[in-house]
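Two complexes, one shared chain (subunit A), two partners (subunit B, subunit C).
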Partner chain A sequence: MNQTRRFYSFRSSSTLVVFVTLVVVFSIFTPNHIFINERNIAALGKLFPDLGIIALGIGVLMICGEFDLSVGSVLPFCSFIFAQQMIADFSPFVSFFVSLLVGAILGLINGIITVKTKMPSFITTLGTLMFWRGILYVWSKMMPMSIRTFVPSGSPFQKLMAGNLNAYIPVQVIWFAIFAVILSILLHFHRFGNWIYSTGDNRDAAHAMGIRTDLVKIICFMIVGVLCGFSACMQSVRLGSFAATQGVGFEFKAISACVIGGTSLRGGIGSMTGIFLGALTIPIIDNGLILMRVPVFAISAFIGLATILFVLLNNYIERKTR
Partner chain B sequence: MGSMAFAQGKPAEGLYFRLVTHGGDDPFWAVVQQGALDAANELGCKVDIDLAGSDLALQQKRLAEAVAQKPNGIALVINDDTAWDKPVEDALAAGIPVIGINNDDSKGPAGNKRLCYIGKSEERAGYMIGLKLFQTAKEKGIDFSKAHVAMPVEVPGANYGVIRSNGIKRAMAEFGITSSEIIDGGGLEMTTVEQRETSYLLAHPETTFSITNTDSPPISIPVGISLTAQLRSI
Partner chain C sequence: MEYENRQNDDIVRMVNIEKWFGRVYALRGVDFHLKRGETVGLLGDNGAGKSTLIKILSGYHVADKGDIYFDGKKVVIRSPRDARRLGIETVYQEQALAPNLSISRNIFMGREPVKGFGIMDKKLMDEESMQALQNLGLRLRSPDLPVVTLSGGERQGVAIARAIHFKAKCVILDEPTVALSVKEVNEVLEFIREIQREGISSIFITHNLYHVYEIAERFVVMARGKKMTDVLKEDVTLDDLSELVIKSALVE
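Entry: the complex of A and B
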């Protein structure tokens, strides 16, 4: 009984239980158990990290007590910069670092506006979501750009960003795991992680303890920006193209993933394990339901329902274990 | 001086036109806008394009705003069979010529009073795509008795998608194909589209043909290439 109570005292435990349940249900009930077919796992592994990597950063920021809705625009903006650099004859590696730098700068801008003006980050980043998308549309004229000639299939950069480790493990999964481990160490085994939790839980108290809360928040915004830059390059290389519609809707999907993973909307609560599982859960629900031949038009309804149920479940478990 | 004289000689000098579309983030409209600007430049007139992000109410507002500016003509995407009947009549009554482009009323001139329509017939477009695809498949010896046609649409419920699907179904009937499904392709975000279509194809191995109902080749082509490569590799 005590062990059960101890297990549920971990906030991500409910996410783990539901995640395992989903995997078991989909594995058993999908026709010919296609959910655990290596072809399906490989396809999932190639596609979900685009959003998953961004969700990891959003989770850290939410623990710090802030939101970033601008990811839906920062991603295509970085993708555009990446494509532009290569068209201007820079190597893919140089273009990649420029894209990360631009992501960091856009995160820095979000952070500075939020902490200096005391404006809620929901408003700041809603503004920058629209602002950067508008700038992108004017600058790119919404015209797609092919980058396949600069990053041909089989080239070192293509293999690094969108290749396969072996026949069934795409490198995108490895990148997702690497970022999850790095952020997990940062969040749970480093002093900076304590600062993030303290800032998100009670900013005034954290400030009184000598934590530079403004700087902590700005760095968290920059982490999200850098991850957007990385995801932008990864997605563009896979598709061989830049399109102005990249990232549309990612902002709410990333927040949903974090909420499903047990991250509090009020800050100060959450874990990398939960965010990791949350980032996996949304694509699994989407994939599993389609494989179970649920009408595709109903998928959004199920994901919306799942988000609400996860929050209710987390609240229930929290009350019970208190 | 010489160039001014040339500019004054352009056939549409001093005229002003509006292009009212349902489009939004879609790269398709970026290409159309560029074409409109090139044409305006060539003919010496001015043109502005209105985008509405598939929001019918907003598109109606954009048309009303365009009419209020009293342009010399309006090109309108007629993406609904009833919503545009009165606004078009009102604009014509105000002396502004309105033509349909890209999408038309499914009943043509009998359904909407627009002066003319420039663009494809959606039903015929679907029919011709289906015809060509099924004919090629027949030549390759594909068995139609158990064939299944998947039709992912970028905007669920959009008039043009429904009408185009009807054309595809007409072609299916000619080849004796009875199984088909219209599916939500997931919008215009490429990873979502790819994820949806990959899952669907894995869940429906009986799918013989997939005809994506989109106006956005800039999105569907990279996704299609990636999807094909992925399905081949896995």
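Entry: the complex of A and C
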């Protein structure tokens, strides 16, 4: 009894329980147990980090007390810049850094608007979500652009962003793990992490203790922006092209992932372990349901349901353990 | 200047402080001083300007007019960072701690000791937090407990331990006994006595005359943005003080 209590006192433990349950359920109930088929897992490993990496950043931002809905547009915007740079004859590596830079700038803009206007970031980034998508549609004329010739299969950049470590482990999973480790060190061991938690938990106290809370928030917005830029390049290289519809719906899926990972919507509460598991859980729900022949269009309903049920579960556990 | 001559006595000296909010006068030329090692009770009704005055000292607001001398030198305090650098610590009622963070993370908030590359020295943080709390006579189970699990009195203890640990020269106690049980109030008053024993100056803002009368050595009463009274404890009884506060609020 005591041990179960201890286990549940960690916020991410309920996420772990849900995650393991889902894996078991899908493994048993998918036709021919195709869910645990290694080809399915390898395919999943190629796909989920696109969203997963962004969700890691969103988690950090949410702990800091802010949201970023604009990721759904910042991602394709960076992807467009990446493709354009290569078409303008820059090397993939240069284009990659330009894409990260653009991501950082778009994050900076979100941060500055939010901090200076003191508006909820839910509103400011809803605005930039629609704004950047509009600009992107006009600028790109919604035409897909192939980048296959610039990053052909087997080229160094392609291998780095969309290759395979071995037969089972795609390189995207490694990137996801690297970012999770970096952000985990930042949040839990670095002093900046303490500033992020303090800012999200009690902004007045953090301010009174001399922490530059505005700057902390802006940097968190920029972390999300850079991760969007990274994910944009990774996705474009995998797809071999830029498409104006990349990243649609990422904003809410990323927030769902963080909420399922036990991150509080009010800031100050959350852990990288939880966010990591949340970022794995959302794509698993997606994938498992598809394999169980649930119509694609119904999946959104399940993710919505899962998010609400999970918050309820978490609140319940919190009341029980306190 | 006469203020410069008296610098040895005073840790804080605020001269002719004025502050408007829009067209509303919050402070109209207030002089305030605090001697080394002294505890001053700052009293007054809601809206008397005592909050505004100490928020100017702690860097939340910037005065529109007037000078601040700290430790004998003229200073400009534009942010809480500036105030903290000088050694002014604030123990606010609800604003001092992050509830979901651990005790040690709260104590070192914004001043985390690092081992290199900005990585926090958690062992040192934990040890020193527990030591700081023990010096205050507060024994808590673990430095990893989130502050929200502590009682109201213990929370004030954490904030006060932080101020003492970082060798504050002036501690601002903003309503530290509000919404506490009798037992917790006594705990907090004991913590404040520890501040006095350490020789740290403090400003104790409160509505509760009984709490402040036990502890402070001098009382300043404010009303409508002005300083009305400035008396030493030996010149005033609790009843006099109570009358002074009520009268000041009613005059005009």
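Here is the rule we go by: the second predicted complex is superposed on the first by the 318 of 322 C-alpha atoms of A that agree within 3 Å, B and C clash if a C-alpha of one lies under 4 Å from a C-alpha of the other, contacts with A are read in each partner's own complex, and residues count from 1 in each chain.
The criterion applied here is as follows: a residue touches a chain if its C-beta (ideal position, glycine included) is under 8 Å from a C-beta of that chain, and two chains touch if they have at least 3 such contacts.
Treat the numbers as computed from the prediction; the structure is a model and nothing was measured.
Novice: Consider subunit A as the common anchor and indicate whether subunit B and subunit C clash or fit when overlaid.
Specialist: Result for subunit B and subunit C: fit.
Novice: So, does A:269 touch the first partner subunit B, the second partner subunit C, both, or neither?
Specialist: Only subunit C is touched by A:269; subunit B is not.
Novice: Which holds for A:287: it touches subunit B only (first), subunit C only (second), both, or neither?
Specialist: In the superposed model, A:287 contacts subunit B only, not subunit C.
Novice: Let me test your reading of the model: by the given contact rule, A:192 touches which partner, first (subunit B), second (subunit C), both or neither?
Specialist: second
Novice: Looking at A:87 after the superposition, I want to know if it touches subunit B, subunit C, both of them or none. Which is it: first, second, both, neither?
Specialist: After superposing on A, A:87 lies clear of both subunit B and subunit C.
Novice: After superposition on the shared chain, which partner residues are touched by A:204: those of subunit B (first), subunit C (second), both, or neither?
Specialist: second
Novice: Angle at the Cα centre of subunit A spanned by the Cα centres of subunit C and subunit B: state it in steps of 10 degrees.
Specialist: Seen from the centre of subunit A, the opening angle is 140 degrees.
Novice: Please name the chain, subunit B or subunit C, that touches the greater number of residues in subunit A.
Specialist: More residues of subunit A are touched by B.
Novice: By the touch definition at the top of the document, which applies to A:30: first (subunit B), second (subunit C), both, or neither?
Specialist: first
Novice: Rounded to the nearest Å, state the minimum C-alpha distance from subunit B to subunit C in the superposed three-chain model.
Specialist: 36
Novice: Taking the complex as given, what residues does subunit C use to touch subunit A?
Specialist: So the residues of subunit C in touch with subunit A come to 58, 60, 79-81, 84-85, 90, 92, 95-101, 105, 108-112, 114, 117-120, 122, 149.
Novice: Looking at the complex, which residues from subunit B come into contact with subunit A?
Specialist: So the residues of subunit B in touch with subunit A come to 25-27, 29-31, 33-34, 156, 183-184, 187-192, 194-196, 198-200, 202-204, 218-219, 221-223, 225-226, 229-230, 233-234.
Novice: Using the touch definition up top, name the residues of subunit A that touch subunit C in the complex.
Specialist: Residues of subunit A touching subunit C: 185, 189-195, 197-198, 201-202, 204-212, 268-269, 322.
Novice: So in the complex, which bits of subunit A are touching subunit B?
Specialist: 30-31, 34, 37-40, 42-43, 46-48, 50-51, 137, 141-144, 146, 153, 164, 167-168, 235, 238-241, 243-250, 283, 286-287, 290-293, 296-297, 299-300
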